[in-house]
């Protein structure tokens, strides 16, 4: 009996695909990031006129008064405090070869989170903060950290903390490969995947501010500004990589490896369209 | 058992349903299981190439193997067929989304 | 290793507000881990706040207190620079203590 | 309530099954050892009260009397908890000489969540973060002048997110 139900759901999913996928005619437009970013901000400011532009970085807490009170209560003594202190301690501890993270980053790594991810023209790919941290470790003979575990979250928490309030400042250099990476990230954001057949946009654009069971969905605008986040759901810290991979498995799509190109480009797109919004990491989330 | 990709979506969905239902009734032998499992795995690999596998496909494949190991080849064949259907659906999703995503884009 | 207790005690003249955040898993004994085994109960049972040698607040906690527990209260008195001693003990007998300055 | 670390394998069903089976088995072997040095500093940790299932039994075990609702007890809790693992709840009261404040979550496996002793000179208010297994009444108990007063509020809790 059970497999019959499974079959019914597959048949249904296919039918929904057919209906949802009638491609409307689109001019083969070359990507225009500034126009996208403007359209992105207009969509959300029109949909939520009462929410100030910079408050979108508080995700679900700007969408609901009851949630906002709970958040203020938590922010008095936030659960990410321990991770922040651990990150600060780790950041200043030199590697075995005497060098430290400060030597790998501009301005000694302080107050620069808002410039990540950036497009590395030598490599021809997007480089995220998490990737840069692990590359710094490997360049100095240290083993890389897991992208989804606490050490990486602690380091990115401290670096985000030093950039609090600074607006996102993601640049797309005049390089066709950068435009491709941006477009690749945008495509990933809007592409439906997993058996539930959702895309990031299905939840965070079409139903931003609405509930999915107990949780209020964060609008996509400013969704990475608070990263890394301490989630009550996980009872611990979460990096951007952890968030992307768990989102995939939630909709029954097999996640890719953290820091695969798709995720780096996705982070590039999502950060670019939130340019101008302040960094508020590390954040607390439901 | 090579699926024919060019028929329209709705009929593809219907054929899968009918194929799934009828085949699980026939008695499956080890050979049937091996063939069905191989087909499912091949489809799932193709989905992997498109970077679009579903977690439920892997679950169905695991169920098939478990059933086969315990000698219940009827169930093993049914689960393999289910896995193949899921893998084919994920392939279809990836190909159809190549253009469909633009419909959602904020303009 | 840094203490597991973070304290913020601020005096406003006649009353002092005390906030404490303690690093502890607070396992309730009702949750299973990834392998499906029950994580045994491991939670802070009592936290004692002492000022000027007197106990000014005692928290008795059960397994329903959140992970990395937080508590806030205030008491009359307490001047800037005074000491505030905080001690916790959990159901396995582990304990930690800290003496914080009132700001 | 609390989801295991690797995402969504432990769905709500699993947790509830876990809760039921363990509740029967688990209570027997919970060891409530308490470092002796500390126990002397105040009267005993109300071990028995924390073992009680229902709110009434816990209150009786803790105070030996029953509470009457009073609007002088202010219970501040959310309408819908953002997550059952971290529910910010605070209790305050305008009653005179408050000696103890307790907070119970009726539907939790053990109702009594936290109990606070308020010596003379400490203000009658406390804020903390509690875990709630599911939608439930939260009951605040304030002991003042030897009598018990209470306030109750329902807090909705469901497992968040997309699920397995």
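Letters A, B, C and D mark the chains as written, and numbering starts fresh at 1 in each.
In this section, a contact is a pair of C-beta atoms (placed from the backbone, for glycine too) under 8 Å apart; a residue touches a chain by one contact, two chains touch by 3 or more.
Remember, predicted model here, so these are calculated numbers, not experimental data.
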{"item": "Selected pair, greater C-beta contact count between A-B and A-D", "value": "A-B"}
{"item": "Chain A and chain D: spacing of chain centres that average the CA atoms, whole Å", "value": "36"}
{"item": "Distance from chain D to chain B - Cα centre to Cα centre, in angstrom", "value": "49"}
{"item": "Distance between the centres, which are taken as Cα means, of chain B and chain A, whole angstrom", "value": "32"}
{"item": "Whole-Å gap separating chain B and chain C, where each centre is the average of the chain's CA atoms", "value": "54"}
{"item": "Shared-contact residues (touching 2 or more other chains) in chain D", "value": "2, 5, 85-87, 90, 127, 129"}
{"item": "Sites on chain B at which at least two other chains make contact", "value": "none"}
{"item": "Junction residues of chain C, two or more chains touched", "value": "66-67, 70, 72"}
{"item": "Pairwise chain contacts under the document criterion", "value": "A-B, A-C, A-D, C-D"}
{"item": "Chain D - residues contacting chain A, complex", "value": "2-3, 5, 7-8, 78-88, 90, 127, 129, 156-163"}
{"item": "Chain D partner contacts - residues on chain C that touch it in the complex", "value": "15, 26, 28-34, 38, 41, 45-46, 48, 54-67, 69-77, 87, 89, 91-93, 95"}
{"item": "Of all residues in chain A, those that touch chain C in their complex", "value": "76-77, 79, 81-82, 85, 89, 232, 235"}
{"item": "Chain A residues within the chain B interface of the complex", "value": "3-4, 6-8, 10-11, 13-15, 17-18, 20-24, 26, 36, 39-40, 43, 186-187, 190-195, 197, 199, 201-202, 205-206, 249, 252-254, 256, 262"}
{"item": "Contacting residues of chain C [partner chain A, same complex]", "value": "2, 6, 8, 19-21, 23, 66-68, 70, 72"}
